[in-house]
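Dropping a structure here in structure tokens format, bear with me for questions.
Which chain is which? They are A, B, C and D, in the order written, and residues in each are numbered from 1.
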Amino acid sequence: MKKIAFLGLGTMGQGMAANLLKAGYPVTVWNRMAGRCAPLVAQGARQAATPAQAATDADIVMYCLSDDKAVMELVFESGLLEAVRSGQIVVDLSTVHPDLSRREAAAYAEKGAEFLDAPVFGSKNEAAQAGLWIVVGGKREVYEAVKPALEAMSETTHYMGGNAKGAAMKLVGNLLVAFQLEALGEAMVLATKAGLDPRDVLGVLHVTDFKSPIFDGVGDALVRRDFSMNFALKLMLKDAHLIARFAQDLNAPIPGLAVIRETIKGAVNQGWGEENASALIKALELNAGVTVGGEVR
Amino acid sequence: MKKIAFLGLGTMGQGMAANLLKAGYPVTVWNRMAGRCAPLVAQGARQAATPAQAATDADIVMYCLSDDKAVMELVFESGLLEAVRSGQIVVDLSTVHPDLSRREAAAYAEKGAEFLDAPVFGSKNEAAQAGLWIVVGGKREVYEAVKPALEAMSETTHYMGGNAKGAAMKLVGNLLVAFQLEALGEAMVLATKAGLDPRDVLGVLHVTDFKSPIFDGVGDALVRRDFSMNFALKLMLKDAHLIARFAQDLNAPIPGLAVIRETIKGAVNQGWGEENASALIKALELNAGVTVGGEVR
Amino acid sequence: MKKIAFLGLGTMGQGMAANLLKAGYPVTVWNRMAGRCAPLVAQGARQAATPAQAATDADIVMYCLSDDKAVMELVFESGLLEAVRSGQIVVDLSTVHPDLSRREAAAYAEKGAEFLDAPVFGSKNEAAQAGLWIVVGGKREVYEAVKPALEAMSETTHYMGGNAKGAAMKLVGNLLVAFQLEALGEAMVLATKAGLDPRDVLGVLHVTDFKSPIFDGVGDALVRRDFSMNFALKLMLKDAHLIARFAQDLNAPIPGLAVIRETIKGAVNQGWGEENASALIKALELNAGVTVGGEVR
Amino acid sequence: MKKIAFLGLGTMGQGMAANLLKAGYPVTVWNRMAGRCAPLVAQGARQAATPAQAATDADIVMYCLSDDKAVMELVFESGLLEAVRSGQIVVDLSTVHPDLSRREAAAYAEKGAEFLDAPVFGSKNEAAQAGLWIVVGGKREVYEAVKPALEAMSETTHYMGGNAKGAAMKLVGNLLVAFQLEALGEAMVLATKAGLDPRDVLGVLHVTDFKSPIFDGVGDALVRRDFSMNFALKLMLKDAHLIARFAQDLNAPIPGLAVIRETIKGAVNQGWGEENASALIKALELNAGVTVGGEVR
């Protein structure tokens, strides 16, 4: 089986690397804070001292980091790029601006290595349960070569086209997630003001042709006032910034997302950035003067 | 079985009345333009000359009309209210402002009759296939009494509370529909500008936890440039006006819906009001200078 | 000189009626709460017990009320309409929907009387100092006949066209006022977050080609945290609703105003409706987590 | 008198450099396309072959360029920074992100030179007529030293605080300009739909306490359908992007500006980027299906 280097063991990386191990891949891990390697070493991973060392004898180098800045540092400042050699395949699983994907692809191409931008949909739970949905940009034959490893971490994989097309698809999808959280928030706040029982409303949203799994999951947590982090609101704000920037670059109108970004800003200004992304609904509640599933203030 | 008067045989009423007949209910129909009664008479319905005549010996009087104005005229100006008598149950299946539901309830109560506001989710296809989702406001025991007839037309029925709560839930749900059409539109336009193949994008939206049946149906029609009417855009604009008015009455913030209403206005100003509601996406395309699934202009 | 009946002595009416008296007009006043007549009686006005009595021997009947509902009640339920007779001129100085202006015009026309919709720009101070700006709809010769009396209360008068055109112009102008308050709010909040001294910012806004008297007046009060009522925020929300409704009727896109209306809703939900309209800025501050001219929270 | 190097002779720089010459300053000019130097040489300027050469014996080095990228190239890639020496004062008159102002300040400080960020309000006409309004960030004593030269180009100058505060004030002001253009557009489109004569509307906007010089100038051109460039719409879009980015960095809510940016995007997508900024109103007209001052389509 192909040898895999997995760099970055945050909330997402932990689950993904574990699933590669479960599938039988030899995995070498590295993380900036080395302590996070222990659970994976316990599951059979080797631990490397540096990204370059991890990459040394890998067939595939994967990383999943929190933002563009972290990816820039790993690729261009940690020694990783210098260590990558011809014949290797590098897979960036992070959510970044498509322009960065293009820069990565170009840099690795100069080294004779292949590159896929392969960001993932899903959060902590999906990563842990190999239930991610992965969208991939790069050469089709490289995608096919890596596919079995991607499938070990995911429910589905989707080939979107050349490099940066996976990154683009991720931003398009995140736009939809932002819309659905805002939609649910406006709906539940309006329903609460109208005197509807939020659990009854969720019962309706569980059926109908505009239902969505996200309404069930987030809705249920909302009425329990559970905003414990699955995907942090501050990361959703980061994603909203990425989408807005991408739409700026393409001069694509996004009137709805533009307004939703403002709601998220407001929620982060209240100090809710470390809570779950669904906490954006609390910004709507604040402006409405009501609490969904709670007392009317 | 209970005798039913069914008033209003538009796109929705046709299917609903037919399903009542199929379930074995004796149905008397009336429609403002009498010609629309013929198909139902062919299926066994009796035809009445006036709403009052239709209501005369019915146990349940149902109507499904296009807007508040049509309901006002039917209830308060056609002679229907005068004809209704103690012991009858009146069921308004139309989408109207909750204040009108309250007025109807009060008017029928003075006559000793019961009233349910029971608007339906779903459009032409769901009405024809008894696949509607019905949300009901009124006394619970009245709901229970009418439930079998409602079930003959629907996939699910939902009791939401006292009068006007069904109407309120309908507006809350329609807010979500508007969001999802706008979301899909912004996503597909952005994807098109990014050079993604719209069919590949829809493949991703068919999975993930933010998927929704509406994305599949509308998305597929969109890439085929099929905007043939299932639910007319002009009716969606009417609904957006109702939601905005309802949110005004409750002073509920709806920043996203407010912006989406503007998109719909723009599409109607281009003359697309008679097309399917998904034609709002064409307003986004117009401002973006691209066509999803077509040539980039 | 023409005899004038002046009905409605609220914040605006007080100043307007006083200026008519100052200009030498014989004025008969009426107010729903009769106590508010006293200051004007002290300045020489006669007091009537009912609107109809006030109108009896007037050449011109003027009224300035708070909203559509108050105008409807005065015109159609107080006996005023019945008292109006051929040859009289009725002038509605209130801010109402243009449709109501049309209804008033039609009702008075049936009585053989003339009608002008003549809403006023300016608030308490401008009313007191005869500094209003009046926009008039109706027949031009009727406007000319009433002009001297209007000029006794205003800085300028503007003939806009037939009936309802004055009311329409008022809503167009109020849209601009709402924009400028939101603009000032977003600007001052951004400036505060950027560490600029708000007084320095106002110094810049006092010059430039995008300056406006409203920036000076509201801006100065803002940094003093003075939100004492000149024009109440709750009335501005009422106006925003009127504008939104008018734009709905005409299917005119108002994306900016739609968003601004949401800001005002939020401010009213915080309980600031009785403060000055500039208190909408406090809703922006709330979401920003800063206070202009105060401590950064 | 102090010797001035003036770099960048675009629409704005032409007028500014000419006014320095008129005030008697010895001015050395440089422009990337050398041909634009001729008119100023004819007025007595010396022409330099490179930015570095222009700066050699100058007391003050000024530049006015179109965007961040142009400033980056001039400062860090043209040899200018290397040429600047202790005792000189560098003044950036361009509209750039405050972060770039900070970078410039730091770079010049390392060379022992002083730096002011001093962007200007006003466009072609104000630049030509020494009618600009200049907002300055940097040390107060440096501002005082340069003030006479700034006054030769402007109507007023405003000291805003330390470095980057001038750049910040410029973005705050441009936010207000964007609001006023959108406000005027929404108002005029609504008025047109309401059947008002746009010239009558402008007559009202010429008085009132929400009047603004920009309404007079832009409004008059609008009804004449004159969109000839004074300040290009594409530059306004660039500024809107800068403001959005600045608000993102500070997490400042700008719901109105966010929506206005979308209107501008739409107008640029129609190919109107080279017209005057007021052409954003044409995007509102497109969505409204009317033309202000023209035929109703």
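The definition used in the following text is that contacts are C-beta pairs under 8 Å (C-beta built on N, C-alpha and C of every residue); 3 or more make two chains touch, one makes a residue touch a chain.
Protein names from UniProt, one per chain: A, B, C, D = 3-hydroxyisobutyrate dehydrogenase.
As the structure is a prediction and not an experimental result, all values here were calculated from the model.
Considering the contact criterion stated above, the chains in touch with subunit A and with subunit D alike are B, C. Distance between Cα centroids is largest for the pairing of subunit A with C. Averaged C-alpha coordinates put the centre of subunit A at 52 Å from the centre of subunit C. With centres defined as mean CA coordinates, subunit D is found 37 Å away from subunit C.
Counting partners per residue, subunit C has 251-255, 258-259, 262, 265-266, 269, 287-288 as the residues that reach two or more other chains. Partner subunit C is touched in their complex by these residues of subunit A: 255, 259, 262, 265-266, 269-270, 283, 286-289. Only residues 241, 244, 248, 251-255, 258-259, 261-262, 265-266, 268-269 of subunit D touch subunit A when the two sit together in their complex.
Interface residues of subunit A, counted against subunit B in their complex, comprise 98, 121-122, 126, 133, 135, 155-156, 158-161, 165, 168-169, 171-173, 175-177, 179-180, 182-184, 186-187, 189-191, 193-197, 200-201, 203-205, 207-214, 217, 243, 246-247, 250-260, 262-263, 284, 287-288.
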